[in-house]
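Here the structure is laid out as structure tokens; the discussion comes afterwards.
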Amino acid sequence: MTDAAETTHRHIPDRLDNPIKSAVLSWETLLVLVAVVIFILNSLASPYFLNAWSLSDLTFNFTEKAVIALAMALLITSGEIDLSVAAIIALASTLMGMAVQWGVPTPGLVAIGIGVGLACGAFNGALVTGLKLPSIVVTIGTMSLFRGISYAILGDRAYGGYPSDFSFVGQGYVWWVISFELVLFVFAAVLFWFALHRTNFGRQIFAIGNNAVAAQFSGVRVARIKFVLFCLTGLMSGIAAVMLTARLGSTRPSIAQGWELEVITMVVLGGVNILGGAGSITGVVLAALIMGLVTFGLGLLNVPGIVMSIFIGGLLITVIALPILYRMWRERRA
Amino acid sequence: QTRIALVVKSLGNGFFEAAARGAEEAAGELGDVEIIYTGPTEPTAEAQIEVVNSLIAQQVDAIAISANDPDALVPALQRAMQRGITVISWDSGVAPEGREMHLNPSSNDLIGNTIIKLSADHLPDGGDVAILSATATATNQNIWIAEAEKVLPDYEGINLVATVYGDDQSDKSYREAQGLISSYPGLKAIIAPTTVGIVAAAQAVTDAGKIGEINVTGLALPSEMAAHIKSGASQSFAIWNPIDLGYSATYIAHALATDAATAEPGATISIGRVGEVTIGEDGQAAMAEPFTYDASNIDEFATIF
Amino acid sequence: MIRLLKQREVMLLAIIAIIVALVTTRSAGFGRPGNLTAIFNDTAVLMMLACGQLVVILTRSIDLSLASNLALTGMIAAMVNAAMPGIPVEVLILGCIVVGGLLGMFNGLLVWKLNIPPIVVTLGTLTIYRGTVFLVSGGTWVNAVEMSDRFKSFTRAEFLSLPMLSWIAILVIALFALMMLRTPLGRAFYATGINPTAATYAGIDVGKTKFIAFTLAGMVAGLAGYLWVSRYVIASVDVARGLELQVVAACVIGGVSIAGGIGTVGGAVLGALFLGVINNALPVIGVSPFWQMAISGAAIITAVIFNARGERRGGRIILKTAEAG
Amino acid sequence: MTEPVLTLSGISKSFPGVRALHDVALELYPGEVTALIGENGAGKSTLVKILTGIYRPDAGEIHVRGEPVSLPTAHAAFEKGITAIHQETVLFDELTVAENVFLGHAPRTRFKLIDWKKMRAEAQSLLDSMGAELRADTRLKELGIAKKHLVGLARALSVEADVVIMDEPTAALSQKEIEDLYVLVELLKEEGKAILFISHKFDEIYRVADRFTVFRDGEMVGKGMIKETAQDEIVRMMVGRSVDHIFPKVKAEIGEVVLSVEGLSHPTEFADISFALRRGEILGFYGLVGAGRTEVMQALFGITRPSGGSITIDGREIAPRSAADAVAAGIVYVPEERGKQGVVIGLPIFQNVSLPSLKRTSTSSVLQLAQEFALARTYTERLDLRAASLSQDVGTLSGGNQQKVVIAKWLATNPRVIILDEPTKGIDIGSKAAVHAFMSELVGQGLCVIMVSSELPEVMGMSDRVVVMREGRIAGVFDNKGLDPVTLVETAAGIRSQAA
């Protein structure tokens, strides 16, 4: 150690643990298990569950939220959060509805929805990164602001009269029971998976989430990346707004009320650390599927939605607590 | 066996609980009918669509829905109809493409007229009145308010000064009522065509010490308003019988699902002890006139619904 | 620095006063003492909850379940009252505080013993507690007729022309202020939030302090549960839905740092009062109620920007000349 | 021989995967200073935390004045008369000085409420008695780092204690404050307190300590009287072998000017900074703690935004607006605060190393793990990093090894100028020598190095030229030929201005 001239160095291996073993012990495995158990329980509990159309309908319970959850997963991994996503849906949908009244055709409507989402995301991003404000409070504010603008525009009215080809986005099927929404979600999931786990961009997100200051001191453009992530979350909310509006065929300011917490629940259930720095897209996709399975399965048993939410809340806490309890139990034994 | 789903705007609302009791009563009379009473927890269209989807998957025979949005539910309900499920709406309607017929608790113009008349009856010399509604998006409330505004000129001296929205939340409704009381010193009546709103408004009037000055009226269930009728905060209010409404919706859904009747203009459907309804040109039918409750009959009904 | 903090509260108070004055020019009744006490009474619950949320946020946590806790305890109180009108209201209130405290403890235990991030815990219990309201009530309401007279009148009884509800709020606020300033526990909340490691070294059990914060917040929410139900004479599943974020907003407007360690009882209370005044003023000056939400959103954002400016330190000022200038 | 106040025996403590202490013993005597010596990670601070009730030992006994005690909480330690200044400043920025001193044991009124007036008065008199020029009601965050240490000291002295523990108390203090501290230690000795003094600086240990105890890898390997033991012997106990050249300065070929800074200024932190850096040169930056050197370096690195002046590298003027810009221009910075700014704890070693070089290890922005591993291996092995694998979380490494990861990360970017801010702060003597050897190697390869250091021997031993800063300005630039250390100290303290 003292001799700098020494040329023979000790070799440091790339990794010690077996990647297969660590994959087996991962969060995703736990989620797959949970999903399989719920799937089996559903099939046992209701004769209507194992049916292609039922399974297809099931996906509508989560695709729109899950599309936002993909971007939210990246944002939360970077250590920020966006509570305004549902309000962005309301505003984007309202402005699309307004455009319909002016006779804007479907491609224009889609562009408006996505554009408004992007603009809202950029607004959040500018406040958080430009003025260095905590994202949780900024987005509590914009959550009221964006939906508030919808209320101010629409008041007690509703927008409708969307062109018939527009409804394909939310109601159409690509092939047999495979809906356009599902295809869109799968496509987005693959894209986000690649971005987070296989690119420099994703690596930098993890670095920022673990320690933003050190990342900045390592030459990562922290503010720029966070800004992009807010824009991306806004953009995906805009896409979700297009999907939801097309599915409902009408817009009211109360659209997607309360979705922000469901989206965040999905992300956290998917194993993304709410404090930033860890998470996976696979986990989020599995969590979306689990939430769809739970709500649809309980729906088949005509369990009221609020009781379902007890299940979801309980599931969230249990799934997070289980590994911790297991670790504590193991430490106590050791 | 016929399985009829009674889908409501949201669970946990006394009005719909009463309707469900009526549905069960009808099921008992019809025999071999299973009632699935369901609905979302929050009164949103998205949540209701999820409920409808699960009912489609369960292959129920009929869906009778009180909708949170007249348009948003159409695609889901159309899908239900395509799978051979009978769909009707009741209480709060769905656009015609999304259902076979709609059962109004009463005719909209009758309700609009009633809520104005309730206030005018106790204002022989006229005066300022205000409306406290539910959410700004509630379909039926908006229709009734529009009807009420239409008949307003018939009531001389009655002056509608404001329409505010309490979102069917007690605290917001209460605050809106307070706002009305302080902004319009000459206010003589608050009309709330929603049960949450009327209870909150009556409480606000009581707390402001304005009993006798401001009369709270509108649409409500007797059990919820009994205390306020007794205190005098409300002279009278009206409502159709929700039990009858659930009962009638069940009868109609059963008749259509078993092909005992078809939903076409002019068709007449029997609704058991309530009588019969005739479907109008617009695919709608009205059940009965709203019934007015006041100090003389409140005790009798407060224990029922 | 203490001066600057005080200044922030004075500023907020001034803004509230200006709003009241402006609205009064439009509608003379607004500034009357009677109306002002009505607004205070109206905001009482929010102010109390903001105190509870304050101690939680100070310890670097957040409690999103307060409104659900309120709804659940309120429903239980109403049902107990309906079933056994003989139980004195005072006992019922104590019971509410205990039940609310237990619900808060559950949050606190998960945070303390399992180290789960508070936002995750309370996101879960937010839905669990609200769902439990539905389970215990079977989805039905408890109406005015079912409640005993004393249950309804207790919060309304006036003393020195202020309703009991306001007095209870004042008492709670005073107790919190005393606790924060003059007891070791109050200082422990600050210490935990400013620097948890240092707090541990100073003999403070950080986990336990958080647990106590959640318990206190829960107790306040429980008390608020009874007050809410008694004031609006209705208990339903929907009671106070969405209030959880308003409480956070009140704290933020009052200058409480979401990162913990910074904030005062005065700030949180004034933040709540600000929201209360806005809520009450809009209908009075005839602004369409549809604008309400957008305006309060803009107010929150403005307050956050404003607070951040106050908090940001102006470098370390090494240069002597800069210091003098 | 007097009886020890505090006796430890058979103390062991393990963390998951780490055996921090194994069967150690220690005695502290009244009126004497015992130095605790050991490499980084030897377990010194762990022992301090056990003595102050923050950790509980897995095994072993603690006796205070002959009686066995257990210290389950920090409070229990207070009550047994044990108090400590911890290695990290563990204070509360948002609170006042008075409250920082008394948090947890504030004076109370009759009603058990905190007595603010009495607290302020007591804190003020304590600070005055220490000669600290501090007001009790200022907020801590307005103080410089050195003053904060004084507050920490005041906090430790605010309890009636028999045992005072100081864990590297001088690491962040300037020369003058260190002298003041020595006086204070003498005072405490006279009052009969038993003092445990932890330090990596041998001159200091020889100056204040009476006895010593040496730890190595969590075990006690020796103890004795300082006066009877030579430094070499202690070092051998510490590292298990002898360390020869501590400042192995090899003269490198000094070439053309690479970096030149002209009139760099900032509104509040520094003004009029001008200097030039040549190829193959080590430029030392000396000054008292808080002189503003870090701020200047961070301005070069694009973190702090200067208000005026110019930075020229290889004849090209640059205005870095972010660290990324600076890295692109060839300037890299090894920060003073390793854990906060240096390494990304939570990421594995190889990802830390490749983070600034991702463009090179990826093909069109798609990660290539094999290339990342190769890059990381090249540089970490060159620095002789001690790690089990490259996929290990960097947070599991010792401080010295973390420092190596930071340096490896920068070398991988092929920089022109490398800035090292207090590169050996808190680093044990063995690793320190390695860092110094490495700096020599860097300049040998034609890089230029800026070394910020507050340690006089290091500055004297390593630099070609020395820039002295004082209160945000350059107070003098000296060639390190026949340079008298006194000149540097006096220039830094403002006693002497540079005789041009």
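The chains carry the letters A, B, C and D, assigned in the order they are written, with residues numbered from 1 in each.
Simple rule for what comes next: a contact is a pair of C-beta atoms (placed from the backbone, for glycine too) under 8 Å apart; a residue touches a chain by one contact, two chains touch by 3 or more.
Model, not experiment: these values are computed from the prediction.
Asker: Which pair, B-C or A-C, has more C-beta contacts?
Answerer: A-C
Asker: Let me have the rounded angstrom distance from the C-alpha centre of chain A over to the C-alpha centre of chain B, please.
Answerer: Here the centre of chain B sits 37 Å away from the centre of chain A.
Asker: Using CA atom averages as chain centres, what separation in Å is found between chain B and chain D?
Answerer: Taking the average C-alpha coordinate of chain B and of chain D, the gap between them is 73 Å.
Asker: Would you kindly tell me how far, in whole Å, the mean C-alpha position of chain C lies from that of chain A?
Answerer: The separation of the two C-alpha centroids amounts to 30 Å.
Asker: Two or more other chains touching the same residue: where does that happen in chain A?
Answerer: 151, 155-156, 253, 304, 306, 309
Asker: Among the residues of chain D, which are close enough to touch at least two other chains?
Answerer: none
Asker: Which residue numbers or ranges of chain B touch two or more of the other chains?
Answerer: Answer for chain B, listing residues that touch two or more other chains: 11-12, 41-42, 136, 165.
Asker: Who touches whom among the chains?
Answerer: After working through each pair, the chains in contact turn out to be A-B, A-C, A-D, B-C, C-D.
Asker: Residue numbers of chain C touching chain D in their complex, please.
Answerer: Checking each residue of chain C against chain D gives 1-2, 178, 181-184, 187, 190-191, 194-195, 197-205, 261-262, 313-323.
Asker: Within the complex, which stretch of chain A touches chain D?
Answerer: 1-4, 6, 9-17, 198-204, 206-207, 209-211, 213-221, 277-278, 331
Asker: Given the complex with chain B, which residues does chain A contribute to the contact?
Answerer: 46, 48-49, 51, 53-54, 57, 60-61, 151, 155-156, 158, 160, 167, 170-171, 244, 247-250, 252-258, 295-296, 299-300, 302, 304-306, 309
Asker: Which residues of chain B touch chain C in their complex?
Answerer: 11-14, 17, 41-42, 136, 164-165, 168-171, 174-176, 178-180, 182-183, 185, 196, 199-200, 203, 207, 223-224, 226-228, 302
Asker: With touch defined as at the start, can you tell me which chain D residues reach chain A in the complex?
Answerer: 16, 243-245, 248, 301, 303, 322-324, 326-328, 333, 335, 340-347, 350-352, 355-356, 358-359, 362, 365-367, 373, 377, 380-382, 384-385, 387-392, 409, 413, 430-431, 433-434, 437-438, 440-441
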